[in-house]
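Listed after this line are the structures, all set down as structure tokens.
Shared between the two complexes below is chain A, which pairs with chain B and chain C, respectively.
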Partner chain A sequence: MTNRYNDDLEKLMALQFAIVELNLFLDTHPDSEQALQDYHKLLEQFEAAKKMYIEKYGPLVNFGYGKSRFPWQWVNEPWPWDM
Partner chain B sequence: MNQPSNHWPQLAIAIIPFQEYGETFPIAEALKKGTLFPALYQPYEPGKRWDNL
Partner chain C sequence: MFLYQKTLEFPIRVDSTNPALAELILEQLGGADGEMAAGMRYLTQRYYMPLPEARALLTDIGTEELSHWEMIATIVWKLVEHAPIEKIKNSPYAAHFADHGRNPFPHNAAGMPFTATYFNAKSDPIADLHEDMAAEQKARATYEHLIQLSDDHGVNQALSFLREREIVHFQRFGEMLDKVQDYMYSNRHKRNRNNRENLIMDHDIIMDNNSRYR
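Up next, the complex of A and B:
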């Protein structure tokens, strides 16, 4: 599962990073319509990718944001140093 | 050093150009480069001199 898992997780990380970048840009450029459009576009992709990740691997963060299948999936993913 | 502040010499003025929105890196590349914006991409290269910028 690991290669596929890494790709999926890295996609999430890349989306999240790009969204934070646009978030910071918009803080100083609240009138940039293009930046806001791109922010929304990436946010939609991020929501979809996050949903897919959770369905496939289980919760992305430890509690409150995603369901787990039975048995509890949180401990299944590789440790950061094993990736 | 003890003179009132309005007599201090003017040492420097920092000027920061306002960033324009333009092309952005593909997101996977942005994650690796540490910025989404090509205008902000300045990798640290030891020994590189400022006058080459």
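Up next, the complex of A and C:
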């Protein structure tokens, strides 16, 4: 895959990781408004990055979390261990 | 239900073809304190946690561990993917190759296959959360051993990331242990019972909550 693909993917991965980290923090600090605000801020960026990814490359998550162009793109997008 | 997202949690770049290192990294794939044991441990312990936050935390960290397992498998795969047979033949990976070829099959660095005896679930939130905290520290120590053994910069970046995650998980489990202990002991103090009944009550508290959050 192209460098452009890797850049798009890594941007998505960076946002995803920040969200994972905040999610765990919120599990033990459900009353932290600041953390929840940060979570929502990142979520907006993540949603936008995911939308762009799916439009360009196809589904990011299996089982109904993104449309595919014809023919079914899921089988042709690269797998993480191939990159 | 589990969904699969076609990304790694952290990008894996490997700078060498190195079957000997692959054999060592397998420790975190199928070893006692490896990522498979971690994921199975937390996802198995979720059901009877007395606080909803604890159920969420075990679900979320358990899920993250599965993505760490995938990162480790990716490292092992990339270290042997293009290894010529001559390079495998004279390496510690040769014994693994005899059975599994280049597949990253889960056993530890010494070749012991993965077993569920590497973790436990006691139906006892306090015992389980202590096991979880110990597991994170043991995994941190293993990552430090592996970083000392590895000369591959790309591999070490990924191992350092994973080591840091062990520290964060330890912190979160510690916070959860405090919450669960406060909750269980505050309930105990409200009722004045003898020790034997307290033990039974701990079980009742868990069961009360099981129905409350169902």
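Assume the second predicted complex is superposed on the first by the 80 of 83 C-alpha atoms of A that agree within 3 Å, B and C clash if a C-alpha of one lies under 4 Å from a C-alpha of the other, contacts with A are read in each partner's own complex, and residues count from 1 in each chain.
Everything that follows uses one rule, which is that a contact is a pair of C-beta atoms (placed from the backbone, for glycine too) under 8 Å apart; a residue touches a chain by one contact, two chains touch by 3 or more.
Because the structure is predicted, anything quoted here is derived from the model rather than measured.
Novice: Figure out whether A:Q34 sits in contact with chain B (first) or chain C (second), or with both, or with neither.
Specialist: First partner only, chain B.
Novice: Taking the superposition as given, does A:A18 touch the first partner, chain B, the second, chain C, both, or neither?
Specialist: first
Novice: With the two structures laid over each other on chain A, which partner does A:L42 touch: chain B (first), chain C (second), both, or neither?
Specialist: first
Novice: With both structures placed on chain A, which of the two partners, chain B or chain C, ends up touching more residues of chain A?
Specialist: Looking at chain B versus chain C, the one contacting more residues of chain A is C.
Novice: Which partner does A:D8 contact after superposing on A: first (chain B), second (chain C), both, neither?
Specialist: It touches nothing on chain B or chain C.
Novice: Once the structures are superposed on A, label A:F63 by its partner contacts, choosing first (chain B), second (chain C), both or neither.
Specialist: Second partner only.
Novice: Taking the superposition as given, does A:E77 touch the first partner, chain B, the second, chain C, both, or neither?
Specialist: A:E77 contacts chain C only, not chain B.
Novice: Could you pull out which residues of chain A sit against chain B in one structure and against chain C in the other?
Specialist: 10, 13, 17, 21, 25, 28-29
Novice: In their shared complex, at which residues does chain A touch chain C?
Specialist: Of all residues in chain A, those touching chain C are 9-10, 12-13, 16-17, 20-21, 23-25, 27-30, 59-63, 65, 77-81, 83.
Novice: Touching residues of chain C toward chain A in the complex: what are they?
Specialist: Where chain C meets chain A, its residues are 1, 3-12, 53, 56-57, 60-61, 64, 70, 73-74, 77-78, 168-169, 172, 175-176, 179.
Novice: Under the touch definition given earlier, write down the residues of chain B that touch chain A in their complex.
Specialist: Touch residues, chain B against chain A: 19, 21, 24, 27-28, 30-31, 35-37.
Novice: Which residues of chain A touch chain B in their complex?
Specialist: 10-11, 13-15, 17-18, 21-22, 25, 28-29, 32, 34-35, 38, 42
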